[in-house]
Amino acid sequence: MTDASMDSAAPKRRFVSLTAEDDRTRKRNAAEKRFRMYGIVAIAIGLFFLVSLVYAILSQGLPAFKQAVVKIEYTLTQEQYDDAESKLLKTAVYTDNFVAYLSEEMNARGIEVEFDAAAIERLLGKVGGDLRAFYGENEDMVGQPVTFELAAASRVDRYLKGTFEREDLQEGNRFFMAEDFDLIDAMQEAGFISQAFNWNFITGVDSGVDNPGGAGIGASVLGSFFMMLVVLFLALPIGVAASIYLEEFAPKNRFTDFIEVNISNLAAVPSIVFGILGLAVFIQFAHLPQSAPLVGGLVLTLMTLPTIIISTRASLKAVPPSIRDAALGVGASKMQSVFHHVLPLAMPGILTGTIIGLAQALGETAPLLLIGMVGFISRYPDTFLAGFLEPNSAMPAQIYNWAARSDAVFTEKAWGGIIILLVFLLTMNIIAIILRRRFERRW
Amino acid sequence: MYDAPPFTTQETAVTDVKIKADKVQVYYGDTHAIKDVDVQIDDKTVTAFIGPSGCGKSTFLRCLNRMNDTIDICRVEGNIAIDGEDIYDKRVDPVQLRAKVGMVFQKPNPFPKSIYDNIAYGPRIHGMAKNKAELDEIVEKALRRGAIWEEAKDRLHEPGTGLSGGQQQRLCIARAVATEPEVLLMDEPCSALDPIATAQVEELIDELRQNYAVVIVTHSMQQAARVSQKTAFFHLGNLVEYDDTSKIFTNPEDSRTESYITGRIG
Amino acid sequence: MNSTQEHISSAYDRDLEGIQARIMKMGGLVEQAILDAAKALDTRDQELADKVRAGDKAIDDLEELLNEEAARVIALRAPTAIDLRVILSVMRMSANLERIGDLAKNLAKRNAVLMTMPSMNGSTSQLRRMSRDVQVMLKDALDSYIQRDEALARDVIERDIDIDQMYNTLFREFLTFMLEDPRNITPCMHLHFIAKNVERMGDHVTSIAEQVVFLVTGEKPDEPRQKDDVTSTNVELSKG
């Protein structure tokens, strides 16, 4: 049966030591070492860019979270209060009182500097108005010492952060004068000016050129949030249902192949195309309110749908056919086997895909530009429903808007906004990873 | 004088025909996989299908509970009747059929749920229990029938996938009998098990034949010899010989059968 | 011992039990046949002799059945180790038992003729005693089989010497009788065949006991069987 018996003289074997290194082995080892070096170099380059990026973002963006404030303990006496309320120009009196008080305090600390109400207003904005509003609500605080934290103007902020120098000041600038620098230094010496955490950046709304430092990202966060709600509640069910149908129930013919190819292509379509589509269909044809998170959400749903469908199909495919066979063998119908067995097992993968899709949608800017969500939004929506329908902006759009404005403070805010956006994305991706780990099952 | 104990006789119950297959053909696309098979499977008997790889025994087995319906390119012709009713009749719902004809697969495939839920799933979807107490009873009965009650009764709510291979297969058998089927189909149930687990499952199959018609596909002739009362030898899609197991293994009629059994053809 | 432990497959155990039950029954029938044949000879009981001759069929049927069953178990169970030795020893033992049964039948066959002849001075009672010894050996051999008792089996093998000695004695006696009176020749010839048969029965029983040793240890007993039947080789004995 075998040829083993045919050749009686077995070929003579030369003894080659295993420990001897021949040419080919040496060359092969050298080539492998080189390849490993290439890999390490590539990783190093990637890491370098990553580190540079993170450094740039943090160094430019962290200052946005700090705000120069004037912290002062001020007491308004009852007489001053009654006096101010009886006059015609009430706020001016408040301002004068404040200026006088500040002067006293500064002199008490041995700092000699001349300033007037106009200078204080350049540095602190409408102090009088703020003080009046406060005492209007808290009348019982009259005569009591109250610690005020007054936000300083953006130029003060920038001066203290070192981005605004004396030399930068142009002649005829009505927002700032040369003496103001000395006032700032004096107040700093007296201990009235400090850097505090800028909560307003996170919770506040956008503001105009008159108060760049007061701009906040709060409203846009809410706008993004409403959009994500729309995407979640539309894209997830539609995507999962479409996927289940395509994977489990659709017959395998040319038509379904055609659909599959197109879905994969849709995932690669540039997002701005979806923006134009949204403009044409949702705004011009369906007359939905412009710049509303509802429309933004609808456009992003269209964009996220292919991603969710593809990841759901992959999760469904990953469920081994033995589970389906087992369910069918016990007498379950196709529907029952899919919904009772396959879907629960695929759920972790589906959730992960959805969260990643949402995270991608969160960072999309181009389609939002076209449907108008880059507007100047200066107040929060009133009700939950209004949150969907009233014009709003989203985080990436807001960042774009700020970066395009001329004032350098807005640029700083843009970097700060990038940090916040990245924090959201990082959080969502971490949640996706945790979910995947937690629900990973062996079958 | 030695007084011999009385004879122990081999029990062969009187059996009826449970499944009758007539001129069955199965096509995969253009390939003619099963050719002209006529066979009668008896009730309360273990029938083994043996034959070399690719001879069609698994395909024919899957025809008996219409699992081949899930394969698009598969076409079945001919008549297969269980208790006299043609199972390929248009009015027959395959889902209901599969409650009557249970199946156990080659690789143990318990659901990734608790042991209790594994067994209870079938009875639940077929509405076999009116309340939890009845369901508990059904589960216990099935686990006892599957010879795994003792090992499972203290871990009913632990996942079924935590059992060993042999235990998982017995769990799958218990799951199959939970829906009170009348026929049990087994597709190489022991090929993924070690010899001791295999012997335990074979002993279980011997007990099961008191209540069900069991059809087992196996590529181990020795297993067919040990476990079945009737054996069918398939070769290249044809049913070559079908007879009592002891006859097939001591003196088969067809030379092809003898060649396969003695290891002369693969 | 392993053979007392149960197989996981209970059907396998039932098959083996069935086979062992049959061989024991066969053994019982053969023991009875030996005793009955010798008694018939001694008491000149033709009816009993006929019963023995008729009963041989049952013994032959059992041997055939046992062979079939053993073949079935080999084909279906592929027995190994101790199970294989059980099956092999059963097949050989049944052959031996069947031969012993035939020899007993031959004893009974000659009864009709011997009844017509004068009795030979107590030879038949000697034969009866010899047969009884053989029957006890057979009983012990069967017991050693069912109990897997190697010591008892070896003891049986030893006792064959006694049977051979008894045969030698009877051989000399018959020679003497035949030399004394030529009319004694015919009955003595018959009696001699009978004695030879009984001696052969003893050899077959020894063979059974050897099977038991093989079953228990896996090897045939070492020492060559002692053959003390020297009548075929001893010249002195043949002289008058």
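To keep things simple, chains are lettered A, B and C as they appear, and every chain counts its residues starting from 1.
The definition used in the following text is that contacts are C-beta pairs under 8 Å (C-beta built on N, C-alpha and C of every residue); 3 or more make two chains touch, one makes a residue touch a chain.
What you see is a predicted model, and the numbers here were worked out from it, not measured in a lab.
Participant: Count the smallest number of chain-to-chain hops linking subunit A with subunit C, moving only between touching chains.
Facilitator: So the least number of steps between the two chains is 2.
Participant: Would you mind checking which chain's mean C-alpha position lies nearest the centre of all protein C-alpha atoms?
Facilitator: B
Participant: Express in whole angstrom the distance between the two chain centres, defined as the mean CA positions of subunit A and subunit C.
Facilitator: 102
Participant: How many Å are there between the centre of subunit B and the centre of subunit C, using C-alpha atoms for each centre?
Facilitator: 49
Participant: Indicate the whole-number Å distance between the mean C-alpha point of subunit A and the mean C-alpha point of subunit B.
Facilitator: Chain centroid spacing, subunit A to subunit B, equals 60 Å.
Participant: Which positions in subunit B are in touch with at least two other chains?
Facilitator: As it turns out, subunit B has no residue touching two or more other chains.
Participant: Can you tell me which positions in subunit B touch subunit A when the two form their complex?
Facilitator: Touching subunit A from subunit B are residues 65, 67, 70, 72, 95-96, 98-99, 102-105, 107, 109-112, 121-122, 125-126, 161, 172, 175-176, 178-179.
Participant: Subunit B touches which residues of subunit C in the complex?
Facilitator: Listed in rising order, the residues are 7-12, 14-15, 17-18, 21-22, 24-28, 31-32, 71-72, 75-78, 139, 142-143, 146.
Participant: List the residues on subunit B that touch subunit C in their complex, please.
Facilitator: Residues in contact with subunit C: 1-10, 196, 199-200, 202-203, 206, 222, 225-226, 245-246, 249-250.
Participant: In the complex of these two chains, what residues of subunit A are touching subunit B?
Facilitator: Counting only subunit A, the residues touching subunit B are 251-252, 320, 322-323, 325-333, 336, 340-341, 345, 441-443.
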